[in-house]
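In what comes next, subunit A is part of two complexes: it sits with subunit B in the first one and with subunit C in the second one.
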Partner chain A sequence: MKDPNSCPAVFTPKSIAFLDNLMNRQLKQAAMNFSRIFKKRFSLPLVLTNGFRQLKMKRLNLYLPKYSLPSALADGLLTLKCSALFLLFSLTFFVLNPTHAADLKVCKTCDYKTVTSAVNAAKPHDRILVQKGYYTESNIQIKKPVQLIGVGKPVIDAKNKGGIFQVETRHVVIKGFELQNVEVSYMRDYSAIKVYEGAHVTITDNHIKNAFFGIYLQRTDSCTVSRNIVEGEARTETTSGNAIHLWYSDFIKISDNKTSGHRDGIYLEFAKRCTIKDNLSFGNIRYGLHFMFSDGNVYTHNTFRNNGAGVAVMYTRDIVMKHNTFEHNWGPAAYGLLLKDISRSTISNNRFIKNTAGIYMEGSTYLHIEKNTFQGNGWALRVLSSCSEDTFRLNNFMSNTFDVSTNANSASNYFSHNYWDKYEGYDLNKDKIGDVPYRPVSLFSLVVERVPSSIMFLRSFIVDLMDRMEKVIPSFTPEMLKDDSPVLRQYAYDHA
Partner chain B sequence: MNKIIKYVLYDILRSRTIIGYTAFLFLMSFGLFNLESDPTKAVLSLLNVVLLIVPLISIIFGTIHFYNSTEFIELLVSQPINRRKIFLSEYLGVALSLAMAFVVGVGVPAMLFNPGPTSIYLVTSGVFLSFIFTSLAFLASVLTRDKAKGIGIALMLWFYFSLLYDGIVMFILFYFADYPLDNATLLLLSLNPIDLGRVLVLLNIDVSALMGYTGALYKSFFGNWVGIALAFGLMVIWVMVPLFFAQRKFVKKDL
Partner chain C sequence: MKTLFLLLSLPFFALLLSGCEAKQQPIPYGQANCTHCQMTVSDKRYASELVLKTGKALYFDASECMIKYLEDNADAKEKAKMFLVTDFNTPEKLIDADKAIFLQSKNLPSPMGMFLTAFTNRAAATEMQEKNGGRILTWNETVQAVKRNERPE
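Coming up: the complex of A and B.
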């Protein structure tokens, strides 16, 4: 239903209009007949009109061939009880469609030797089947709704001359290509696939190698980018682009992609209400995921691993991040997740494993950080004083060097019901909640905050002594920053 | 020389102190690995043991043993044997037995429950610390004839290296926080064998934290083979230097 791909090419606008008209008339007639005959039964006409309405909606969306269950039922009712004619008519139109869109084949021995020539010759809604082979082409402009389908992963090599596909229209499909060697430019954003002011564009199953930008969506909406592999060979930030780049694009679905070796794995700026799901972003030289001013996005089940500086998200609100994995982001300025001026968002069920800082927060307010697991991080949480009204509940903190560090004296964030593996309290009333509060900020973490070199005294005898004394009589650590109800047993979350 | 070492070893084994020490270390390591679900946490607890108890036992045992075997040493001196050989044999006998006790007591459980580079570094550091603090113990013992005074000096040395030194360095770092102190910290760390041992193990355990900020510098320094070789080289120097001075003193000393 959701995949515009599945809409067969038989439905050109002309045929649809005709069918529409005809079915409308047939349906109305049937319904009227029906209600006339069974006037006294109120429920049945209602069922019918409902079905009728649903059918009509479906048609508006041009998704006619795939009925949903209720509409199919209603349809069945109608055809059975009212009009056999209707079935006959609709069948005729399914089978004998006069305006079938053409398939254009591209290969060395076909009518079309190059993709460009096929695109130029194609009529709207045609299908271009590019056969297996090696094509040296670049800057292919697509200005009419066509489907470009690679059969057996044909290779298109731009030979470092500009980009490859440039889409400037709606309803385009690009599927199953291997795209290589896009030019690196300081003036233009050359990309393997660029969509400019398009909509409903579907980009799937492509393998992009050594591109400046991989997939670039600019001023688009309702596009789908899925199952692509984007591998770059970036060396420096200035000479590389992003694997998947969105700019002023709304309602985009990005799923099951693998991005690596670029500047940023997935980059969004002014992209609203997008869904980013099941992607893997690793080994990028700057961020695995980077977004700014992109409200209302949903990020689920993604993995961000071993990126130069982890994941950075800024100036955004109303985001949902769930079931993601942030791991092995190491370095002096690397974070599992950096939150800068993020508000009213939910970060839950994520895993933060072996990052220098699990979450680094600056100017972030009204966040719900729940049910996450922080394991083996240098700093599980670094919360700067500009953060307030954030809630940390039901998280697991395990084998982190420092659980929480802060430069704030007063605490306006709330910690409750977390599991801390360093907790040493007791539980007399056996309610599985510790009776004494846990203070996640250690004195030594404050010392390190002031004198970074002193990190080398970690786990020395004097530091242990200092921390223990501070735990007994807190005098330097923020007194209010504590978890009043630390749980004693680790939560078993299924993060996958 | 081998013969003397053999007799020293027999003597130490007969006193059963070393056997008790081995049993204590073994039970503790075994218990820690069984109690903690996460072997890394057990290694961390063991690290505390290695950094506190191993130097303490080594230095105390070394000193006491030296004073207790004064008569044996006097007997040997009356024989046509080089004084240097006597001293080195005594040292090697004590240090080897302590190191062996440590390898059996901590090394075996660690390698069984948590095989990997962390355990190797832990055991190597422990062995080096045994040698270093025995050497310091011998230095303390040749400095004075009085047993109580000697043990006092030994304890002071232990206290200095395990607690005072770090405190002083932390104070310096805090006081000069506005200056770039990364290389200075590196230098100051290498002046304390306990810190050297700790850093070598830490670079394997707390690697995520050490990758941040200045930690990256230490990681890049100690993380490659040159750095590790340098660290162990410094430890060897820490064995040699006190031993050299103690031996010189012993050779010239009027017994």
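Coming up: the complex of A and C.
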């Protein structure tokens, strides 16, 4: 402890205070030296090295060999610049940084009994450690950068009075809480965690139960939402909000969350350049993932299961959807994926399993739909009017009732190199590609498109006969809608 | 006795007749898809309905969707009998669109991104405008605003 340059082994509050003091004193000296050198810099270059040596002795412990004068000068200047930078950096570090930040504990026997009181008392960059327990609090306003950390999953219960956390600043962390019972309202979007005009807010490892809205980001950017579980009670569509809701928020990362029992699992409106990865969204009343007017988003490796109507992507462009699983979305108005007015997007390596319609698309153009597997769906694809310039390549179509249905006569969409399990052609030249084109639109699917109730004749003899006839002499099905190069063997994709 | 029977059966006949008449139908929230955008109609504050002369009702999740639908389907206007929107203050209650007063405010996002909220009268709309800002529009002005894709900001 006596040698000021040695590092104390134990950081007790006392030793920290001592160090702090010491550092300040030394910094002050260094700064004084620096200013003295700086003043003389132009009049007396020789002093530079001199001054630098002083610096070296006092604070920096930098090695300065005894060069010849000119090179030493040059060297000294360079090092001085570096050291000046270092000094500036360390000064800002000491002025702004959280070395002084305190830990505020919240528990029944601590100084702070409620989270609200700790938040009010905290200074910027403090940490608030909420200990295990049950707190009845709501509408906690956070207007300074603090870290809120739950130790042992403390429960905060809003008792149906408003929301819980409302963040209106940057650099906030909310981690490890269990948040419950947020008020349902027609007029206000009460949420367990709401970020309003904030940025760089991190929301992780929380468990949100029975909230109106779970995590709500409004006019934010660069936030992270990860490893949260948001569970709703799946009442009616109007009395449950969205689990994760983004509105005018850009550059948001949403990963490893589990959302269920809400209106929409993940909802984006006017949100750009977001990444949605490794989430599980199931049992939501409407959509697992829903976005509108949100360009340039990427979503990969998510699972959307058993939601009221699957996933909807509407009125957007430049979307990348890869390695997702869309499964078990059944219902008269359900889809694995609903595409409405979207363009220039890529949908690849996804699995569509057991949905009423794998992909339902309307008004969608310039899409690349590749390397997906469609299995056990009512319709694998429903390509409705005004879809054009879409490419379907290298997909697997297996045990779907209908592979493709359409209501348009001339469709300018391209199918090639897909595997169709219903293909009955031959391959005489053994290139593993069928020699006759495959027409994925059956006559009966056209009939069903016109008269939905005719579905009751499915698998009847007359329908089979009709489809056979159409295959032999195509006359009603769209002439252009065909796969000229159907592959004979199923692709083995690793979708995970 | 005969007259009593006739009298009793009158409401029954009236019911039969009214069945043929085009009238507003309750919106099956959570089940119907919006005719224009295919989204499930769910928000009871914003849904709208178009009743055709045949009595068939088309449901929309927002007023802007009904307007866009009318724009895309030129013949729908002639077939239509009633245009209905929801009064924001009494969710699930449908009112005549051309009598409704609309507020377009950036603080009241409607389901399809046009920020349109309908009210039964100007007083209610003004009251909400004082709290949330924005501009007040009549039905015709709203139709024009949607056509020009005018959003607040």
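Odds and ends about this structure:
Criterion: the second predicted complex is superposed on the first by the 397 of 496 C-alpha atoms of A that agree within 3 Å, B and C clash if a C-alpha of one lies under 4 Å from a C-alpha of the other, contacts with A are read in each partner's own complex, and residues count from 1 in each chain.
FYI, a residue touches a chain if its C-beta (ideal position, glycine included) is under 8 Å from a C-beta of that chain, and two chains touch if they have at least 3 such contacts.
Nothing here was measured: the structure is a model prediction, and the numbers come from that model.
Superposition of the two structures on subunit A leaves subunit B and subunit C fitting side by side, clash-free.
Once the two complexes are overlaid on the shared chain, A:Phe293 sits against subunit C while remaining clear of subunit B. With both complexes superposed, B is the one of subunit B and subunit C in contact with more subunit A residues.
When the two complexes are overlaid on their common chain A, residue A:Val311 makes contact with neither subunit B nor subunit C. Of the two partner chains placed around the shared chain by superposition, neither subunit B nor subunit C is touched by A:Met361. Looking at the shared chain after the overlay, A:Ile285 reaches subunit C, while subunit B stays out of its contact range.
By the touch criterion defined above, A:Val195 reaches neither subunit B nor subunit C.
With both structures placed on the common chain, the touch criterion links A:Trp330 to subunit B but leaves subunit C unconnected. Smallest inter-chain Cα distance, subunit B versus subunit C, after superposition on the shared chain: 11 Å.
Once both structures are placed on chain A, subunit A residues 332 are touched by subunit B and, in the other complex, by subunit C.
Subunit B makes touch with subunit A in their complex at residues 38, 40-41, 44, 47-48, 51-52, 162-163, 166-167, 169-170, 173-174, 177, 181-182, 184-185, 189, 194-195, 198-199, 202, 206-216, 218. Residues of subunit C touching subunit A in their complex: 29-33, 37-40, 42-45, 91, 109, 112-113.
Touching subunit C in their complex are the following residues of subunit A: 186, 236-238, 247, 263, 269-270, 285-287, 292-293, 308-309, 312, 314-315, 332-333, 338, 340, 360, 362.
Chain contact summary for the complex, subunit A toward subunit B: residues 330-332, 334, 354-357, 376-379, 398-402, 421, 447-448, 450-465.
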